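Lettered A, B and C in written order, each chain numbered from 1.
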Amino acid sequence: MLAKVGKTVTFIYVTIILLFILAPLFMILLVSFNPTNMFQFPPDTFSFQNYTQLFQDERILSSIGLSVFIGLVSTIIASFIGLFAAVGLVRGKLPGKNLLESLFLGPLIVPLVTTGIGFLLIFVPLGLAGSPTAIILAHSVVISPYIIRILIASMRQFDPVQEEAAIVHGASPLYAFATIVFPQLLPALLSGAILSFLVSLDEYTVTVFLTQAETVTLPIQIYQLVSVDINPVVTALASVMVILAFVLITILEKRLQIHKYL
Amino acid sequence: MAGSDISLKTSISLDSITKIYKGNTVIDHIDLDLQEGEFLSLLGPSGSGKTTILRMVAGLVTPDEGKVILRGEDISFTPPNKRNMGMVFQQYALFPHMTIQENVTYGLKARKLPKAEITERVQKYLELVDLKHLAGRRPRELSGGQQQRVSLARALAVEPVVLLFDEPLSNLDVRLKEQMLKEIRHLHRKLGFTAIYVTHDQNEALYLSDKIAVLNKGKIEQFSSPEEILKNPTSAFVADFFGYTNRIENVVLMDEQTAQIGDVKIPVGHLGIDAHPNDQGFLLLRLNAAQILDLQNQQTFMDEKEATAIRAEIRDSRYLGDETELRLHIRDGIEQEITVKLPQMLTPLPPEGMQIRFRFQAEAICFYKGDGRT
Amino acid sequence: MNRMQRFYTMLGWIAVLYMLLMFIYPVLKVVITSVWVNGQFTFDNYKTIFSTAIYRQVLVKTLWISIVSTFITLIIGYALANFIAKRPAKKQGFWLMIVIASMFMSLTVRLFGWMIVLGEKGPIIQLFRLLFGEKQELTLMFSSVAVIIGIVHFVLPFVVLNIYTTLKKIEPSLSEASIMLGASPMRTFWKVIFPLSLPGVYAGASLAFSLAASTFLVPTILGGPKDSLMSNLAYNSTITVGNMGLGSAISFVLLIIIVAVLMGLSALERRGHHASESR
């Protein structure tokens, strides 16, 4: 009897938490079919108008293009940094490894406004403020911890005896790294890179310090369309992003169990 | 080296090599010579330095002093990938993301050999270890024994000047171990490679080797053929390693064949280095050192005809497979315990307290000077 | 293996240099800008922050909103993590996926969703009106409540994952042993499971607090004019007003607060650890 009550209580609170997590996402999917008023619940009309308009809206499309470009380049930079940091920390001979690990994970702790102002301060004298270059460099730092953490975990699992086997049988260190170590780190690197890419696509706080009229990234554009010049097309955009992120995460979790590295 | 016959040429020499880790001398001025085609085992307990020596030959560790000389050339500081060695690891160390075939190909690709030769060699060595049918599999799909054979094929495929084995069988169960031992011996006979084999198992060393180097605390205790080591272990450490597990203390050596404890005379088959008559010392006995004459329940034996017979009381007995192991308390002025093994199953199992009379077997007994505690 | 190690060390140094240049240098520049006004070293910016009532209010508000959000997140996060950890292994994957998906789902988009949910014509207020009549006034958007809801939603997945990971590390045999020895499930939880999961709780709390205290986007989207937090203040000072020194100082105070709280939490954890060991 008591056990049954306990189960019911558990069921209720888990349902509430689940509802809490998913409610805003469902809400967006729901209102995306209402082209008249996106804040109306329940929606009073149903059409795909938002979706068809999404692909005609120049501003949104150029924001998507810019954000994807920034995301890709900054992810590539962060991947190199992450890879170098992970092998250096786990297997290299670096002084003060604990301190260095904090350095690499620091962008997660230092408030984004602090780094944001910092980037503004160093990029303005270089004439880079507002340029995609500045945003790319800033993102590469902010997103790198996600890659580094996954790669450190993956590198710690790697058995160095494989390197010895490669080298004894004739491989140079570089060849051994390229043929033995790197291919085995690749799954972790890829999942870290995808997560970082998602973080870059959604980066608002640092970017807002560096953005200018020509560099309106996707999250800044969404904010504009949600709060300033309200436009229901944004619901379609948001829905696409929700579904895309869900698919990517599902693949990553099913394939690589990324929750173990986060 | 003298002689033009290739089989008598020195393959690898260690010239007074020394390694110090954090102030501890783990390898202490070791000299070793190995002829082409010879199979050498480095035998010793963990911490004796055997693996470090192997890693110095491979180039994974550089000596702090001394030289590693390969076919007359000093390779002490040659990087490992330039030494043309092959190595079989304890944990197999196969590349999990590659197929069996790719694993075997690895060293050949690293050497940038022509494609045709790579294909030919890989086929040859996969066939030799009987794994051709599994060439497309990945290591984790294979059993431990199969994985170790892949590791062997990978090392053989580079046709190394010296083939190195780092305790390759210690992760395998007894039956697989037997099988792999046979296979390694067979391959050595067939291909005639030069090999250095690290192990802590004296049976592996005895079965495979032309030469055995017994190591203790970074030094060589004895370096000779298996027969010689078995028959004549030059130190108590070596004897202990090769099954001389019993110890009788407070013994005086009478002459080269007899030791005495109290009034009892014990025949001695071998003497340790520097042992001379009138030396104080101890005996080490193999498990077959006692030849049982008779068993009975009384304290006294009727006939006292056997002058060399020793009386003892059974303290414990058990079967070991189809053998019988007895723990004996030797009386007759010795008052010490030894363990002996009889090559047959005694039925019924002799009970505790039973009296026994036995004779020492000289060839299973060694005398060593001192108290052996250094 | 020295050569392999040298290779890794070299790569490591490249990464260290990049981070020094692109991360430490900007943060240092923030510190310098905050104390270097018109070519002179001065603490004026910090004095302004602590002597101006509005700034002090924002500081206090940031602290209490972060603390409240952290506690709420810890409570519901622990419940959820504990629930997931007890699921059959196969079903855990589904739950973890939801947690991770909400972690990497665009925050801008999620907060936009909350705008609709909490909005004037959203489901909650509609339901409220249905129950209590049209006359009843209820506003959720642009309030501290909305900001706290947004922060909890943002931080929850991080907390759940941290606690879940430590819960999974606890030997199942421990709670079995406790129950075999006659302890009730409740007692087993409080005496065995909960103390062992504390590292995860502390890690979750640290992460929750630092994310909450430094959030910029949540008050921007869900908060009203009175709900500005430190990050918003720093942004307004630098970008809107153009006072780089003051903005830098505000953001640096925020950094100091976060680091202090993190150090405090880890000290607390160590003390708890010693206490439980000496017991």
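Definition applied: a residue touches a chain if its C-beta (ideal position, glycine included) is under 8 Å from a C-beta of that chain, and two chains touch if they have at least 3 such contacts.
These are the chains along with the protein names UniProt gives them: A, C = ABC transporter permease subunit; B = Carnitine transport ATP-binding protein OpuCA.
All values derive from a computational prediction rather than experimental measurement.
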item: Taking each chain's C-alpha mean as its centre, the one farthest from chain C; value: B
item: Chain occupying the middle, per Cα centroid; value: A
item: Between chain B and chain A, distance of the C-alpha-averaged centres to the nearest whole Å; value: 57
item: CA centroid of chain B to CA centroid of chain C, Å; value: 61
item: Centre-to-centre distance between chain C and chain A (centres being mean Cα positions), rounded to whole Å; value: 17
item: Interface hub residues of chain C, defined as touching at least two other chains; value: 1, 3
item: Chain A, residues touching no fewer than two other chains; value: 164, 167
item: Where chain B touches two or more other chains, by residue; value: 60, 79
item: Complex contact set, residues of chain C against chain A; value: 1, 3-16, 18-20, 22-30, 33, 76, 79-80, 83, 93, 96-117, 119-123, 126, 153, 156-157, 161, 164-165, 210, 213-214, 216-217, 220-221, 230-231, 234-235, 238-239, 244, 247-248, 251-252, 254-255, 258-259, 262
item: Chain B to chain A touching residues, read off their complex; value: 58-60, 79-81, 83-87, 89, 91, 93-97, 106-107, 110-111, 154-155, 158, 164
item: Complex contacts: residues of chain A adjacent to chain B; value: 159, 161-162, 164-172, 175, 179-180, 183-184
item: Chain C partner contacts - residues on chain A that touch it in the complex; value: 10, 13-14, 17-18, 20-28, 31, 37-42, 81-85, 87-94, 100, 103-104, 106-122, 137, 140-141, 144, 160, 163-164, 167, 173-174, 176-177, 195, 198-199, 201-202, 204-205, 208-209, 219, 222-223, 226-227, 234, 238, 241-242, 245-246, 248-250, 252-254, 257-260, 262
